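Presented sequentially are two complexes of chain A, the first with chain B as partner and the second with chain C.
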Partner chain A sequence: MAPRWPWILVAVAVIALLPHLLGTPYWRGILVICAMNVMLALSLNLILGYTGQLNLGQSGFFAVGAYVTTVLVKSFGWGFWPAALAAVAAAGTLGLLLALFAVRLRGHYLAIASLGFAVITYQVLVNWESMTEGVRGIYAIRPPPPIRIDGLVDISFSSPMMLFYLVAGIALLVYLALDNVVRSPIGETLRAIREDEVSAASLGIDAARWKAFAFGLGAAVAGLAGCFYPSFVGTLVPGAFNIVESFTMLAMVIVGGLGTMIGPVIGAVVLTFLPELLRGVGELRLLVYGLALTLVVLFMPGGLVQAWQLLRARFAGGRP
Partner chain B sequence: MSGNLASASLAAGPALLQAQGLHKSFGGVRAVQDISLAVPAGAIFAVIGPNGAGKSTLLNLLSGTYQPNAGTLAFAGRGLVGMPAHKRVRLGIARTFQKIRLFKQLTLLENVLAGFHIHHDVPAWQYFLPAGAFWRDFRRCREEARALLDFVGLADEAQKRAGALPYGRQRMLEIARAMATRPKLLMLDEPAAGLNAAEVALLLDRLQQIRARGITVIVVEHNMDLVMNVADRVFVMDHGEYLFEGAPREVQANPRVIAAYLGGEFA
Partner chain C sequence: MPDLLSLVVQQTINGVYLGCLYVMVALGLTLIYGVMNQINFAHADFVTVGAFVALFTMTRLATKMLGMPEVAGYLLSIVFALGAGALLGLAVNAAVFAPLRDRGDELRPLIATIGVSVLLENGQLALFGPIPYQFDSPLAKETLRFGKIFFSLQNVLVVAVSAAAVAALYAFLKFTFLGKALRAVSQDRETSGLMGINQSFLIGLTIVIASALAGMGGALLGPGLVLDPFAGATVIVKAFAIVIIGGFGNLAGTILAGILVGIIEAFTIQYLGAGLIDLVVFVLLLTMLVVKPTGLIAERREENV
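Up next is the complex of A and B:
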């Protein structure tokens, strides 16, 4: 396979430059959100794009990551990083359990069950006030603690720029790890399940087990994205994890290109920035998502990645 | 023919797969009734019968796609009833499908690579961060996959999408994919259906090579030329029931078999 390191260098350079190109705190904040959305789109793509499970509950795992981290830090006095680790484990475990429960469900039925999970999670956040403060919300959440090694390193995450570097760096590591997974025999197995489960079973593949693996891993990555959300915003309210968020993640994956690694990244970037650029026109965000999703599903089911491939093929074919 | 010589010695050999009194009904339809058979190790064992005789259902029972309503099933002495299909593959049972079930969106190479699922020997962390064992496995699987594609005459098309292949070649690809599981028993459901004469000739040759590798073959087939040329034993079903079993020559001469195929008045 083609070497990846030139692309990794490009990605690192882009990440390093972006906060300097978009210099205001507002736009740097959008960059942080964008990096989180990239992770969320990657996580959903593993479940939906590679394994073919229509999961509409991803906002629930995002919420678990955010709330478990924050509650452990604020109410139980944990450090940020152990709390984040616990939150990722919690989201991943819930994903596994949901997958094992839903193992006989496919298509619409899995979609409904996973949507139900997101609704239940949202209701728990609203109603379990002794733990989550309900709709009143949790305030004054601090950013991740600075990383200090005496005389060598002193990195504080209190500015949006440094927080962006942290979240984007982790998003890049997540991308590389998932890219390795989908290129490995595990990726072959997941795609085989997506294509035909009976046929996969005839090759010794235990579809239930591997679907649960993908679901659990995807949920854990969504939980990881969630860890950083509250420390960026500073407050945490259940409304941020409304089930509509599951559909925005779905839109990012499908608009970008289902079942490719780079597609969801592009989808997340486009659908984070496009609504911001159109902000003057009013509450257009959901309209943008809805319209983009409809157009892609109707005219370009492979998403922006497919559009790019078609353009490139036409360009290459047009040359003498 | 060499096939018949082989059958004489093989028939006395130990059975690799043994079924006793298998039953399978769907609603009120009895698709398989009281089928008992013993497949000798190293043989090509053909299952024939008119349309609707229950051959594919029988194969689905043997592979674990269906579970029987009654009866016992043993592979190399191990009970199979209740064992799901994916676990039987680990014992060495592989199959192809009558209605082709390739991974159509994946390339030929990827289809065969998926067949190595139970044979990867890589520490779990290396799937996330590839290192030595991963790359050894990676190269070994690709070499082996290419050899299998070569075996079925598809080496030049490794990067094509499986769905883009002509029908006959899709059948050969399914055989290569099943072979990737390194089976002891390979079950083929109508492998010659839709094949042209040249493709049937290739299939016949490859079936003999597969047997020569020590793999036992069960083949459900309508193509009588193929069955008579390659099979060591032939098992005949009609209306879900046992009709006859014997060497190809005995089957051809049996009046009940002829009657089943041509209708009662010839009996």
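Up next is the complex of A and C:
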């Protein structure tokens, strides 16, 4: 296997350069959203791409990350970082709880039950007004506090550029961590469950346990992405977390390439920027998502990664 | 009549009315699942399309251009909505289900129809805008009163039409040759194929029937909905719950569960507030999945749970 470190250097360089290439605050804001989407797509990909479980509840975990962080900071006076940690833990724990259902259900039943989880989370956000302010929303949310070590470091996250560095840096770490997971024997185990759960069980794999692991980890990553959402947008309303958000993540994973590490990253980048480039249809961002999702499933099930491999095989001259 | 009793009777009537509407939507889902083990995620968006087609048929075509009386216009709009549903069914079958059939992958068609659903919802958003439409059924104004209990002709129409639809479906499946073939396909696809049954045709027919029901459901449900392009999303959630509670692929179970969910919804509105309906329905669903995942009436197939 080729060493990873040259690619890590490339990724770091790209992250460092991007805010300079896209210099306006608007585009830098899109970059922050993009980094968040990359994390969300990666989180779904672990469950769907590597473990073969269609989890439509990811928007719920995203919401838990966002709301737990914000409520702990604003209503309970916690610091941002402990609150974020608690939010990730809460999302991960809920993921394990959902896995209690998930390990018993397969295929369509799991898709619907997890959709139900997302709907319930959304309804709780709307109805638990004393905690979440319901549809009125929470306003004036500040970005993460500056990191200061006297005389050494002083990093403030109030500009979109610094926030992008923070979120993209964390997204890169998440990528590397998940990459390690899927390359390890754990990854083998998850793929074995995806390919054939019964055969996997006959080899002594405790499918329930490892599915729960994938659900928990995926949920925690989605929660982590959620931590940064409110501090970037500044407001928090339940509408940002309805089930359409789960479909958005699904589109990113599928369009990029299911079950590959780089696919969801590409999918998230393409589907974040494509609607921005088609400015005339800016209102119809989701139309593009729906169309892309259907067409890719029908004609190119391996997504853009597969398209790239096909192209390369063609130009490599009969050397597939 | 004592107040509590009349309240209970009134809410039960409301619940049965709602339940009939849900049954029309959920029956299609369960039919498709029974025959080909697939879920059409865009099914409830056919309801929204049906509602919009009905609204425009009634307000633009029937009453303005043809000069029909309102009630006749509404009845005509139900027929148009049914046709629109059937056409959508043809389209989704040709575009998604037929090409992906027999690939042995149960998630791909589901994901593709999620794409269709997102596409339909946002296509309607482009056409009709985000502001909810007022869809007044001329029959809703005519109310009947028995003591303290009220209901409208619209309620009567919905219950009558859905009962007729269920009866027609039952008769079709039970007494016609095609219906028999359909049951054969849903029992055992491989063997029925060996017996010379044209599966592609029957599966297409099932999807068209199911979608026509959804479209017609839109015309009937429309006046009760907040009719915007995303109205289907609130319906699909309940339709899924009903189908699972009833037992996937089981028609009788779906009807029973549909009425049950309708009644639960009516009482939830009365005692807990309308905001909690989805919550209550889904807690019920998740409880069902834990306690009895095969549904109220268990089908023979259990590989999904």
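Rule of thumb we're sticking to: the second predicted complex is superposed on the first by the 316 of 320 C-alpha atoms of A that agree within 3 Å, B and C clash if a C-alpha of one lies under 4 Å from a C-alpha of the other, contacts with A are read in each partner's own complex, and residues count from 1 in each chain.
What we mean here is this: a contact is a pair of C-beta atoms (placed from the backbone, for glycine too) under 8 Å apart; a residue touches a chain by one contact, two chains touch by 3 or more.
Not measured: the values here are computed from a predicted model.
Student: Using the superposition on chain A, decide if chain B and chain C clash or fit.
Tutor: After superposition on chain A, which the two structures share, chain B sits beside chain C with no clash.
Student: Per the contact definition in the header, classify A:Gln123: touching chain B only (first), chain C only (second), both, or neither.
Tutor: Touch partner of A:Gln123: chain C, not chain B.
Student: With both structures placed on chain A, which of the two partners, chain B or chain C, ends up touching more residues of chain A?
Tutor: C
Student: Between chain B and chain C, whom does A:Ala251 touch in the aligned arrangement: first, second, both, or neither?
Tutor: second
Student: Considering only touches as defined above, state whether A:Leu54 meets chain B (first), chain C (second), both or neither.
Tutor: A:Leu54: touches chain C, not chain B.
Student: With both complexes overlaid on chain A, does A:Arg191 touch chain B (first), chain C (second), both or neither?
Tutor: first
Student: Please work out whether A:Leu105 is in contact with chain B alone, chain C alone, both, or neither, and reply first, second, both or neither.
Tutor: The answer is second: A:Leu105 touches chain C but not chain B.
Student: I want to verify one number. Taking the Cα centroids, what angle sits at chain A between chain B and chain C, in steps of 10 degrees?
Tutor: So the angle at the centre of chain A is 80 degrees.
Student: Contact-wise, after the overlay, does A:Ile205 reach chain B, chain C, both or neither (first, second, both, neither)?
Tutor: The first partner, chain B, only.
Student: Let me test your reading of the model: by the given contact rule, A:Thr294 touches which partner, first (chain B), second (chain C), both or neither?
Tutor: In the superposition, A:Thr294 contacts chain C only.
Student: After overlaying the two complexes, what is the shortest C-alpha distance between chain B and chain C, in Å?
Tutor: 11
Student: Using the superposition described at the top, list the residues of chain A that contact chain B and also contact chain C.
Tutor: none
Student: What residues of chain B sit close enough to touch chain A in their complex?
Tutor: So the residues of chain B touching chain A come out as 63-65, 84-87, 89-90, 94-97, 101-106, 110, 113-118, 120, 122, 127-130, 134, 137, 141, 177-178, 180-181.
Student: Going by the contact rule set out above, which residues of chain C touch chain A in the complex?
Tutor: Residues in contact with chain A: 33, 39, 95-96, 99-100, 106-108, 110-112, 114-123, 125-126, 233, 237, 240-241, 244, 248, 275-276, 278-279, 282-283, 285-286, 289-290, 293, 303-305.
Student: So in the complex, which bits of chain A are touching chain C?
Tutor: 52, 54, 101, 104-109, 111-113, 115-117, 119-120, 123-124, 126-127, 242-244, 247, 250-251, 254, 283-284, 286-287, 289-295, 297-298, 301
Student: In the complex, go through chain A and note every residue touching chain B.
Tutor: Residue list for chain A touching chain B: 177, 180-181, 184-186, 188-189, 191-192, 195-196, 198-207.
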